[in-house]
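Letters A, B, C, D, E, F, G, H, I and J mark the chains in the order given here, with residues in each chain numbered from 1 onward.
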Amino acid sequence: MPNAKLLESFPNPNPGRDYVVEHVSDEFTSVCPKTGHPDFGSVTLRYVPDGSCVELKALKLYYQSFRNEGIFYEAVTNRIADDLAAAMKPRWMILQTDWKGRGGIRSTIRVNVGPVPPGA
Amino acid sequence: MPNAKLLESFPNPNPGRDYVVEHVSDEFTSVCPKTGHPDFGSVTLRYVPDGSCVELKALKLYYQSFRNEGIFYEAVTNRIADDLAAAMKPRWMILQTDWKGRGGIRSTIRVNVGPVPPGA
Amino acid sequence: MPNAKLLESFPNPNPGRDYVVEHVSDEFTSVCPKTGHPDFGSVTLRYVPDGSCVELKALKLYYQSFRNEGIFYEAVTNRIADDLAAAMKPRWMILQTDWKGRGGIRSTIRVNVGPVPPGA
Amino acid sequence: MPNAKLLESFPNPNPGRDYVVEHVSDEFTSVCPKTGHPDFGSVTLRYVPDGSCVELKALKLYYQSFRNEGIFYEAVTNRIADDLAAAMKPRWMILQTDWKGRGGIRSTIRVNVGPVPPGA
Amino acid sequence: MPNAKLLESFPNPNPGRDYVVEHVSDEFTSVCPKTGHPDFGSVTLRYVPDGSCVELKALKLYYQSFRNEGIFYEAVTNRIADDLAAAMKPRWMILQTDWKGRGGIRSTIRVNVGPVPPGA
Amino acid sequence: MPNAKLLESFPNPNPGRDYVVEHVSDEFTSVCPKTGHPDFGSVTLRYVPDGSCVELKALKLYYQSFRNEGIFYEAVTNRIADDLAAAMKPRWMILQTDWKGRGGIRSTIRVNVGPVPPGA
Amino acid sequence: MPNAKLLESFPNPNPGRDYVVEHVSDEFTSVCPKTGHPDFGSVTLRYVPDGSCVELKALKLYYQSFRNEGIFYEAVTNRIADDLAAAMKPRWMILQTDWKGRGGIRSTIRVNVGPVPPGA
Amino acid sequence: MPNAKLLESFPNPNPGRDYVVEHVSDEFTSVCPKTGHPDFGSVTLRYVPDGSCVELKALKLYYQSFRNEGIFYEAVTNRIADDLAAAMKPRWMILQTDWKGRGGIRSTIRVNVGPVPPGA
Amino acid sequence: MPNAKLLESFPNPNPGRDYVVEHVSDEFTSVCPKTGHPDFGSVTLRYVPDGSCVELKALKLYYQSFRNEGIFYEAVTNRIADDLAAAMKPRWMILQTDWKGRGGIRSTIRVNVGPVPPGA
Amino acid sequence: MPNAKLLESFPNPNPGRDYVVEHVSDEFTSVCPKTGHPDFGSVTLRYVPDGSCVELKALKLYYQSFRNEGIFYEAVTNRIADDLAAAMKPRWMILQTDWKGRGGIRSTIRVNVGPVPPGA
């Protein structure tokens, strides 16, 4: 099940600077809470780190923890955004999910956290 | 026949945030009220939820309820927009239909509901 | 010969709303008034309906009525725009024709009718 | 040799309206005045007509009259612009030439005549 | 190991002018400090030189010095930006790294140094 | 060796007008002053002529005069810009070089001369 | 766990003819038996039916039964081929899996069952 | 240094069948024995297994063992082919390397081991 | 000037096997013996080595030795084929040159040396 | 007017070998003998030389000599083939013309001279 404790961070190597980090995972999967069928999509995380950066292997394991979770698109997108915001406290963050078709319908959910920094 | 009661919604998991949801269905079909021939097209729904989100399987069944309805492009587009607005009361919504050629003519209808939120 | 009486309209199903309708016909043909050779092109109609919408099968028959008419590109484009404006009285309309090469020259004519509505 | 008298125009069928006409010829050829070798290129004419429109077959013959003329890219582009401006007195016009490589160098010349109308 | 002393510069041949230099290396490789596996990516450097320009062969050797270094994406991007800024003192600089997928996740890190000059 | 005297110009056929000329050469080659190996790239010249235009065959011979010159990317770009500015005194000019990869690194240098005219 | 009993078939509606059926699933996932990480890929089934055809919804559920199975690429490909061959007894069959990169390596496994019919 | 002992294999799950396995690695790197500069390329392995299959994570580690080896393109290609042939004894194998440009020259080396089986 | 002594070879690491080597250089330049203008093209070498392989840096320097040589397309292609055949004595070889347009004419010259081996 | 005397040849540098030469001109133009309008097309020459090769600048001038000649597609193709065969006496030759559309019809004419050599 989803487990925010899997998230690890390491100290931002250059907190004195506003710079942009982007991680795109094309292999996200969870389960539709209504039909029980698997959902497949991609997750895009874009942020300006403050005190810490998310560690990439931990991020992968955190994403994998949703594998057998029944959860709506809207909920999983907001939950990932909240978990990452709590773990890293970024200066700014976008979290977007893009889902392959289910029942002939393709979907996208996009969450924005905080004001956009000038240089992002 | 078109049946708005098929639409179901679930509580917005994060109503404190303006975020964008998009669902694209490439498999919409209805019937031309003048010729009786089937029409094929796609339906794009993009919105910022307020208190509730549209449930995806219900949305698919609602779309399928137009399958044998004789209805003009303009009417079906406005009707879907009205039904979804009534069911979800979104903060903002766009509903667009793109129709494959009929008699050598391709068509697009686009409806906008409410003012665009800053982050959409 | 061109016959505006072929145009039919039906009542706008949602006159309380500014929304956009687009019809693209890739199979338009008329005759060059100077050489007598056929011209081939596409016609794009984009408009915001007011009281009425153009009916699609009638639009196709109206376009077909130009098949043996000798008429300049500029004239046919303005005439279609005028006929449609008279038949529908849209709030705003664009009528554009794109012509395949004749004598090694490709052409495009674009007419704009009325001020662009904010949401178009 | 270049002959502006070949240009013919016909009355603008709708002078009460600002609309855009574009003609693209992909088969233009003239001669380099320095080397005597032929040049090959395309000519794009885009304008808003005032009292008259350029006739297409005449435009083709006018372009063909440059076939054996030794003339620089810059001069031919300005001359065509001037001849068309004199013949049609358009409200606005762009004349652009795009030349195939000669000696490994590709070239483009673009002339703008008059202020751009709002709807162009 | 990473060695900023490999960087060489030569006097800017035209310091009186703001002009833009861009170098893109598609063959960067370092090592993940957590898993020990190699990382592969590209490095884009874009800058306006002040007193000196970075020499290209030296830049290549400097990039190669990261080949067996265990270092996070964020750290290597900031370190290269810092080393180049110290060596060249450019008027403005962007340093961006784009990494091939690792564990199904693709990443991009972008650092901006100094205000953007008007002509860049 | 580079020889600015090879550049020839001819009187601008229409100095009363601001118009844009662009010449792109895909076959530029010079020599790396550090390694002695040949460099290959393209040179893009875009300008608004004032009293004179650069003659194209002379431009080709001028570019060819760099064939065996050992010169850095930055220096050759600024030198061509300076030579052309001195020969033609254009109202505005951009000179850009795009170089094929050397040691796995692709490069672009861009010089801007004078303020951009409104119509360019 | 993988469950061949989920497979269902229905009578071939035209056994008197050799014809080809192809089903491509882009959403297959199983687990690497060595690392425990999920694998993602597509499964292509192409066959000429004899007495029966595979039912599509049952095929989807059968594929989903591998979701949490630790199994090598080669084994899962052969197992699916064997299960389908046992359930349908096709005249000819190809079963191919294409896997997304893992550790920078993309893989394809292809199994052929029976002689190729002339028209396949 | 290159280490064939890193290669591991597992029993072919279906030795009674001729089927094809393909693994493509886009992230191979070794060192030029003449210049000391790194080489970058891809390695394609395609084979029909006999008694055993190559294990994928082991294959990745084996490829990584060439990272700091000075070795010619031809030698590395033959060596990988020999090591894999010795470790797996496939019924048939192709080993191909495709190298990014070095000094403006792109290279491909292809080794074929054994006769091609009918179904490969 | 062209210098076959620049060619170096090294012992074929696997003379017991027929395998294919291909080197493509996109940066070849020589001079037209008739006009004195530079020619630009690519050179493709494809061969099956016997006792020796051509060394890549030496091949690059050999190609560069044609930089200022006035020589026809046909002659340079045959000369490179002869020089490489003499230096390596391959079991089979193709040498092809593809030239960018000169005077609007693109050219290709292809030389085949020896019978094609079965596996090439 | 067409002038075969413009063709020049030079001795085949390697008559002991069957090799293939191809020249493609994309800038051929002549005049339609029926309408007087210019035709535009490309000319492809592919041949195995015997005692002599066609010189490229002379070939260009020869092609240009058709610029104002009124001649049918079929006639010009056969004439060029005859003139080149007489001037070079190749072992084998193909002469093909591809014409841009006129009246909406694109055309290709292909002439083969002599038996095809084995290696061509």
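The criterion applied here is as follows: a contact is a pair of C-beta atoms (placed from the backbone, for glycine too) under 8 Å apart; a residue touches a chain by one contact, two chains touch by 3 or more.
The shown structure was predicted, so the numbers you read here are calculated from the model rather than taken from an experiment.
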Listed chain pair B-C, F-H or C-J that repeats interface A-B [over half of contact pairs the same by residue number]: B-C
For chain A paired with chain G, centre-to-centre distance based on mean C-alpha positions, whole Å: 32
Whole-Å gap separating chain E and chain G, where each centre is the average of the chain's CA atoms: 47
Residue numbers of chain G (touch at least two other chains): 37, 40, 100-101, 103-104
Set of all touching chain pairs, with the criterion as stated earlier: A-B, A-E, A-G, B-C, C-D, C-J, D-F, D-I, D-J, E-F, E-G, E-H, F-H, F-I, G-H, H-I, I-J
Complex contacts: residues of chain G adjacent to chain H: 32, 34-35, 72-75, 77-79, 82, 101-112
Residues of chain I touching chain F in the complex: 26-27, 29, 37-38, 40, 64, 67-68, 100
Interface residues, chain B side, partner chain A - complex: 10, 12-14, 17-27, 49, 53, 55-57, 59-60, 119
Residues of chain H touching chain F in the complex: 37, 40, 100-101, 103-104
